[in-house]
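In the two complexes that follow, subunit A is the common piece, with subunit B as its partner first and subunit C second.
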Partner chain A sequence: MINLTPQLKTQQLTDPMQPEPFRVKRVMKESYDTFTLEMEPVNSERLFTFAPGQFNMLYIFGVGEIPISISGDPNQPAMLVHTTRIVGAVTKAMSKLKAGDVLGVRGPFGTGWPVSAAKGCDVVLVAGGIGLAPLRPVLYQMLAHRDRYGKVVLLYGCRSPEDILFRKELEKWRARFDLEIFVTVDYGDSDWHGNVGVVTKLIPKAPFDALNAVTMVCGPEVMMRFTAIELQKRGVQGDAIALSMERNMKCAIGLCGHCQFGPTFICKDGPVFTYPQLQSWLAQWEI
Partner chain B sequence: MKTLDELLHEHEFFKGFKPEHLELMAGCATNVIFEAGEYIFREGENADVFYVIRHGHVTLEIHDPRRGPIAIDTLQENDVLGWSWLFAPYQWHFDAKAVKLTRAVAMDGKCLRTKCENDHTLGYLMMQRFATVLADRLQQTRLQVLKLYD
Partner chain C sequence: MTLNTNSSTKYVLESTDFQQLIDVLVGIGYRVIGPTLDHNAVIYDDITAVTDLPIGWTDEQDAATYRLNRRSDEAFFGYVIAPQAWKKFLYPSQVRLWQAALSNGSFEILLDSEKPEPMAFIGVRSCELHAIAIQDRVFIEGEYVDPTYHAHRENLFMVAVNCGQAGGTCFCTSVNTGPKVEAGYDLALTEVIDHETHYFVVEVGTERGQHVLEQLPVRNADKREAKLPKTITDQAAHQIKRHLNTDGIKELLYTNSENPRWDEIATRCLTCANCTMVCPTCFCTTVEDVTDLTGRQAERVRKWDSCFTMDFSYIHGGSVRYTSKSRYRQWMTHKLATWIDQFGTLGCVGCGRCITWCPVGIDITAELEAIRQTKAKGETIKEGSDENIG
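Here is the complex of A and B:
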């Protein structure tokens, strides 16, 4: 039995309520509604160490502050990277930032993906839509220490071929012999020769040993619910399934109660949880 | 070279079928190959067959006059293609195109329907298997229309 719970630790911060100014170095358009910002601290030589799965509170001055997962390489702490999908006021304002602009950063917060617990196991990452961004650091980490893991499999689903994030990187990874990358879209046009159908459809045939696999799932809640069910059908134990949850946040340090989900605070106890920790709450309304 | 009932026996869909049933069904089977880009069937054509995919990659498409072909599902090794042969009016609802070279066993629907009528145990087994395939596809379609990733 693989138990992920002890691996999920929160990193402590010295002044977690004080945003630190970061300057945008580069803006990359990932798709029509998603972009990546690369940033560096304005005032210091600080290296931004983080665990894959952790998030920051990003403050767009005069607009608002929102939680966004770190999507960069944990082995490149000189550059802070975030990938964001435009859904409302703050993300829209963030999408207008250009190289040289400054924003506030608090973090990193929360628990990380169970990367150490996965040593010696097959690793299956299941991502839906923007959910690939918080999982990308796991792939970087595993590629940096590839010999520590069994098979590494990414199952990624999105709406259409235009929605595929990190396309060039996925193509590069797909060409490797030590990674298994499967992408599926809900609808494809005549140029699309890959899989069509929801991401859960990839699970029964994906090449991994269900009894010795650690799985990490990130995407909208409904997608994660059905993915967990499908993984269990395949034989994966519930406590070998880790999920990353989202809720509106304010303080991000377990003080304000904004992100409460059942008996837990997503910001402090999560965002990464094991499936058994969430299972009874996931299908309930208005939680 | 493998016999048709051996090929059927190896396929996920027929797991657990008795040898005598596989032998009966092999009487309705032929080996087929589709080249990449070849249409296996088109919407509205008679559905008098279904395919047991051995290797390859097939897309199910709907043709939209404005947007051209839209792929709505893909099928691969160990999948079955087509259930319209089971129900009147026995017509295909979509286009099916081989994306890669695809090898399959084609099962003659009329021949199978007669065998299922004559042997209700076989008929029940076939209905059970197809019901599972249909339930899986229905579930996936529900998730697809949910816009799962939004």
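Here is the complex of A and C:
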């Protein structure tokens, strides 16, 4: 079937459709169905610079390619970090990678979180489930320049205590006086003494100045839709709410058509949007 | 023969000399593609001789209807439009993007270095020129350029042919894309058959076109002949039966996502994807990653895809557009509304292919009108109405 004829030659990887090989340095199991990969480019010393909120297309040789947000520290560009939940063929194959294995990377693509716009403001991050992964680079960025921001608040909701992502890191951050971290779960167990309920329930009592806050929301679509409504009830302006969207993607450069959401291409116009850009579409089914 | 070479000058090429046009293009090095008869349809394919053309045939088109009939004359371009658009050459339905081989515990990407042959299209209709211009916006004029499309497009020689008749599903006059070719061609032909004469009025659009024209046995058109492109296309325009009302079309669709008509269409739509395959502007693709049996060599193939499939919108947990209602709505809303925000034009050129090739005869012009006329059951969801929830 595949015939590598002599007319083929290796070229420089400049085409955005060509994956570049990255080698896995470390695999960390986050929970029963999530894991984090740390990786470095195979062929170069290049630094992988990205804006918090951007994503890569990750390719498992011969299996397939999927869009995954970058979950690492933007101030440590020598190491590319992705956190993923096992949901399909590619993420399953990815979960079996070990240190030394190679996968393909295209990117980074898309828009980032409004990190610079947040300077001088309170910052509220609202995450649902694996939606915490694309927001973690924002936290790293803010902790690296903590004096630039007002209050930094993370409201995090997930299904159960065992679904909590980055648990050790969250516990460490929660001990700091310059971070406000609130976690809630849909279903607690007898060992859980924290909040129970959807993440929107945390918004009314969260400590931030709604009139001077930049908010960033990532989670299931319906969670983001009602989070935006709750934030507005607190007095946050619509354009101070950023959301990160997800759709099927094949190219990540706006040519394959898959990621359309109304008039937007999530891959190049997003994934991070302001709420007013999406508001009328979020309330509709099957867009 | 001395020719007046003013840019607005029109020329006459006798039908008996048409072979020379093909020969000149072949001589320059073009792969010449034009209408042929194949599988009881007009199919754009490689041509080397006039006799490859569908001489003396015409096409009868209506909703879910296509057949070829004999004409009473020997017209070369006596049909309206072929089922398959030119996009199959500019943006082939299957393209291998790269191959990869495992080596030294990593992989190496291998690219095909072959440059595509320059192509010359003969018989491009006005709506099809507009469709290609729309695909140019998608593939060349945006933030990212598609290298396959660009490579095919940049050396393309375009011989347009004016429409002498309208098909049963045409509505180019509604979207200002025809029937007369106005721009985007190297040479434009108008086929004229009357009494004992059979010739083409030739218009030149570019210097490349002029260069080709100079190698053809043409003469200057006289005053009467020079008016024929307009006269003939005016006649075709008058035959058009369908109309797409584009008044406030974007707002209409943006505010009617819950219109009950979508449910009604869904009772007929088979989500077969025919409309997207024949549409000359539809550009969606998917990729397939495969390996050989050893698992050491892989390749990625890009294929045409359709928003009518369940896979198209699949993300973990299921398809976003799981009803046929939402998939038809996505397609039509994209063609007629969101396309305007994305690319500054309609995504529809009025070629009528989606109507002809819909197996159940769904007519985009009629459905848009029905949406316009159908009063939505409930109030359309307005921005901010969520505030009343919970």
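Keep in mind that, in the parts below, the second predicted complex is superposed on the first by the 273 of 287 C-alpha atoms of A that agree within 3 Å, B and C clash if a C-alpha of one lies under 4 Å from a C-alpha of the other, contacts with A are read in each partner's own complex, and residues count from 1 in each chain.
As a working rule, contacts are C-beta pairs under 8 Å (C-beta built on N, C-alpha and C of every residue); 3 or more make two chains touch, one makes a residue touch a chain.
What you see is a predicted model, and the numbers here were worked out from it, not measured in a lab.
Engineer: Please indicate which partner A:Lys201 is in contact with in the superposed arrangement: first for subunit B, second for subunit C, both, or neither.
Structural biologist: Touch partner of A:Lys201: subunit B, not subunit C.
Engineer: After lining up the shared chain so the two structures overlap, which partner does A:Cys158 touch, if you call subunit B first and subunit C second: first, second, both or neither?
Structural biologist: first
Engineer: Going by the contact rule set out at the top, does A:Gly129 touch subunit B (first), subunit C (second), both, or neither?
Structural biologist: First partner only, subunit B.
Engineer: In the superposed arrangement, which partner chain does A:Pro21 touch: subunit B (first), subunit C (second), both, or neither?
Structural biologist: In the superposed model, A:Pro21 contacts subunit C only, not subunit B.
Engineer: Can A:Gly257 be said to touch subunit B (first), subunit C (second), both, or neither?
Structural biologist: A:Gly257 contacts subunit C only, not subunit B.
Engineer: Report the partner of subunit A that touches more of its residues: subunit B or subunit C.
Structural biologist: Here the partner covering more residues of subunit A is C.
Engineer: Kindly classify A:Phe226 by the partners it touches after superposition: subunit B alone (first), subunit C alone (second), both, or neither?
Structural biologist: In the superposition, A:Phe226 contacts both subunit B and subunit C.
Engineer: Of the partners subunit B and subunit C, which touch A:Asn212 in the superposed model: first, second, both, neither?
Structural biologist: Neither: A:Asn212 stays clear of subunit B and subunit C.
Engineer: In the superposed arrangement, which partner chain does A:Trp192 touch: subunit B (first), subunit C (second), both, or neither?
Structural biologist: After superposition on chain A, A:Trp192 lies in contact with subunit B alone.
Engineer: I'd like to know which partner A:Ser95 touches here: subunit B for first, subunit C for second, both or neither.
Structural biologist: Touch status of A:Ser95: no partner.
Engineer: State which residues of subunit A lie in both footprints, the one left by subunit B and the one left by subunit C.
Structural biologist: Shared contact residues on subunit A: 226.
Engineer: Can you check the complex and tell me which residues of subunit A touch subunit B?
Structural biologist: Counting only subunit A, the residues touching subunit B are 128-131, 157-159, 163, 184, 186-190, 192-201, 205, 219-220, 222-223, 226.
Engineer: Write out the stretch or stretches of subunit B touching subunit A in their complex.
Structural biologist: Listed in rising order, the residues are 57, 59-60, 67-74, 76, 78, 99, 140, 143-144, 146-150.
Engineer: Show me the residue ranges of subunit A that touch subunit C in the complex, using the header's touch definition.
Structural biologist: It comes out as residues 1-2, 4, 7-11, 13, 15-19, 21, 23, 42-43, 59, 61-65, 85, 87-88, 100, 102, 104, 225-226, 229, 232-233, 246-248, 250-251, 253-258, 260, 262-263, 265, 268, 279-280, 283-287.
Engineer: What part of subunit C is in contact with subunit A in the complex they form?
Structural biologist: Residue positions touching the partner: 97-102, 105-114, 138-139, 142-144, 146-147, 254, 257-258, 283-287, 289-293, 295, 297-300, 305, 307, 312-317, 320-323, 325-326, 329-330, 334, 337-338, 341-342, 381-387, 389-390.
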